[in-house]
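Two complexes are shown next, each including chain A; its partner changes from chain B in the first to chain C in the second.
The block that comes next holds the complex of A and B.
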């Protein structure tokens, strides 16, 4: 546990020192939400049915933008090898990375929800929606962090992550969009979609922790 | 030295990429406290051999043992005893020297690391620059900090890949004092600086196309040469 926290603290400090990845993700997210707000006629339309798609498209691509770099710098500087040379289990390294990426993406997502609340005139920072975003983010980040490791040594790494991640994220995206829609007034209710999100988060986080040692082995 | 437990022993260690054997049946035995120069032309397999010994790369065949313990069965416990200096300094450019060493001390579970970090930074001449980011340092200073990183957890077996890279005369002296001739450690160092080998090594292993063609270490003289001779 202490090794995981050491990796987590190190990554948070690195993210703070070089804010370019998360700042570009936040800027992308803000511009996307702003563009959507211009596209809809807020005076006459009920935009709530559209908001789940707006939010999760924004979260998805902002996350891809930032998570793709989480192992790239480590691979370039050789520090991923330095961590793997230590007695720390690869799983601890993976969990530390996932925690950092979850914190980073959640920060961007809270900012997006605040901005969308202002732009679309709908309260989005509710407990229910926050829980959906939190669980969805854990599943999403667990998968993309693993795939970012896989692509960190590849030449086409910028393309590799979205190409590999997007098809695998489809079940999670469907569940997240439907659960978000339900929390904004869809009569179906959030429970079945929330269950799917929880299962996806468990599957990707456990699978990621088990597969990471194999992904890093040469 | 029959029946002796060697600090480092490899038995038929082989790494193939596709059909190509980059390291081919290497068997060496290094006694504790020995200092071995690993030589060979570019592409001879030195870095691949060191990558397998440091557990970064799994061998295709054969095995490696540290103090009689297989690297394959308890790699984490063995890694605690290893100090590895590779081609890249393996440092966080955004961190200061102090932060770099503190992080690696945390990974290795070094208790009360602050005095150890101060001692190492003073030795490598970076104590006065401990608050500067590593990215502003020259290649030589990167290498000095890498030497400190290797030693932060007091390893007993050092695996060094061209450790002289980027070092000036003063840096070379540091390298000799800290790693190559330090008491109580076993050293296996890949090098192209044949002119310096006599200053620090007590034996050598020469590789050609992944095979041992000359072994003048205390543990392996004869056997490895015969192995290479039989294959030629």
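The block that comes next holds the complex of A and C.
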């Protein structure tokens, strides 16, 4: 546990020192919301049926963009090898990374929700929606952080990560969009979307923690 | 006893190139004749129903069978750390993608006259498409990265296992998602009414033919990969000797 917290603190400090990565993800998210507004004419129409989809595609794209860089600098500077050599379990490294990415993305997502609240005149920062965003973010960040370990080995990594991650995230995207719609008062049927989100988050975080040592083994 | 069985299996495997290609050829020919000539014309759907004899085996044996092989071989890559299992996984993944594409294609051709559309956002179709995309991603990893890098092999194995474990969640989510949409056509499940005996026999022949074809292709792809691995190893050895 203390190992995990040490890695988490180290990664948070690095993220804070190099804010440009997260600022660019936040800027990308803001631009995406604006682009959707123009493309779907969200400002003048009833936005509620479209809003959950707009929010979650924005979160996913920004998240994959930001998480793709999780190991890039580490791989370039050889610090990942150093960390793997140190007496810290790989699982602690993975959990620390995931926690850092979750904190960074939750910040971006809250900013997007505030922006959308202002732009579309719909109250979005409710307790229910915050919970959905939190669980959904844990689910997809666990997966994209694991997949980001392809690191600097592959050329064209920037294109590869979304192509690999998005099909796997289909269940999470559907559940998150429906649950968000439900919290905004849309008729979305009676399927237990929240349960699916929780199951997905548990599955990806446990699977990621178990498989990460195998991926990074030298 | 086990030694005898092992030597028997080894001898049977040694005969693969003499047995598999002609047997596959005969079975495929039998399937075609059966599907086009012998099987009775379906009363409601007409001639297009004859696609069933290739569509159903492609989905069950070609798609799910190959993906099962990929899953087991990927687990063995992670467990045994043996690159020979990686060759099996790569070979089966290629064959799996091929037959998944074939399943989607024959399904679309069959769907057009029967349902009125090539594609429907039906739960089974949608999850097959997502599966297709996941395994295309798997092949993409192998194409982009160095094929002989063990770490990439492990990464691909982890990806394949996540993909396989994701299938139940994808199925469930897509089914729930789909119930919200209006159903434009009624999909008639195959098992609803018992197939006439002649159709069943042709379907059985088709299943045998596709099974043989899948086995042949997987063995062929795997041995090609193994040969590539050996060449890579030999070349690395020569390079080392020249350098020293």
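We take it that the second predicted complex is superposed on the first by the 204 of 218 C-alpha atoms of A that agree within 3 Å, B and C clash if a C-alpha of one lies under 4 Å from a C-alpha of the other, contacts with A are read in each partner's own complex, and residues count from 1 in each chain.
Definition applied: contacts are C-beta pairs under 8 Å (C-beta built on N, C-alpha and C of every residue); 3 or more make two chains touch, one makes a residue touch a chain.
Because the structure is predicted, anything quoted here is derived from the model rather than measured.
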{"item": "Touching partner for A:217 - first (chain B), second (chain C), both, neither", "value": "both"}
{"item": "Which partner reaches more residues of chain A (counting touched residues only), chain B or chain C", "value": "C"}
{"item": "Which superposed partner A:84 touches (first chain B, second chain C, both, neither)", "value": "first"}
{"item": "Chain B versus chain C as contact partner of A:203, first or second or both or neither", "value": "second"}
{"item": "Which of chain B and chain C A:17 touches, first, second, both or neither", "value": "first"}
{"item": "Chain B versus chain C as contact partner of A:3, first or second or both or neither", "value": "first"}
{"item": "Chain B versus chain C as contact partner of A:164, first or second or both or neither", "value": "second"}
{"item": "Touched partner set for A:174, first chain B, second chain C, both or neither", "value": "second"}
{"item": "Doubly contacted residues of chain A, that is, touched by chain B and again by chain C", "value": "217-218"}
{"item": "Chain A to chain B touching residues, read off their complex", "value": "2-3, 6, 10, 13-14, 17-18, 77-79, 81-89, 217-218"}
{"item": "Of all residues in chain C, those that touch chain A in their complex", "value": "78, 130, 133-134, 137, 140-141, 144-146, 149, 151-152, 154-155, 157-159, 161-163, 165-166, 169-170, 172-174, 176-177, 179-180"}
{"item": "Residues on chain B engaged by chain A in the complex (per definition of touch)", "value": "51, 54-58, 76-77, 79-80, 82, 84, 86-95, 99, 103-104, 106-109, 133, 149"}
{"item": "Complex contacts: residues of chain A adjacent to chain C", "value": "143, 146-147, 149-150, 153-156, 160, 163-164, 167-168, 170-171, 174-175, 178, 188-189, 191, 193, 196, 199-200, 203, 207, 211, 214-215, 217-218"}
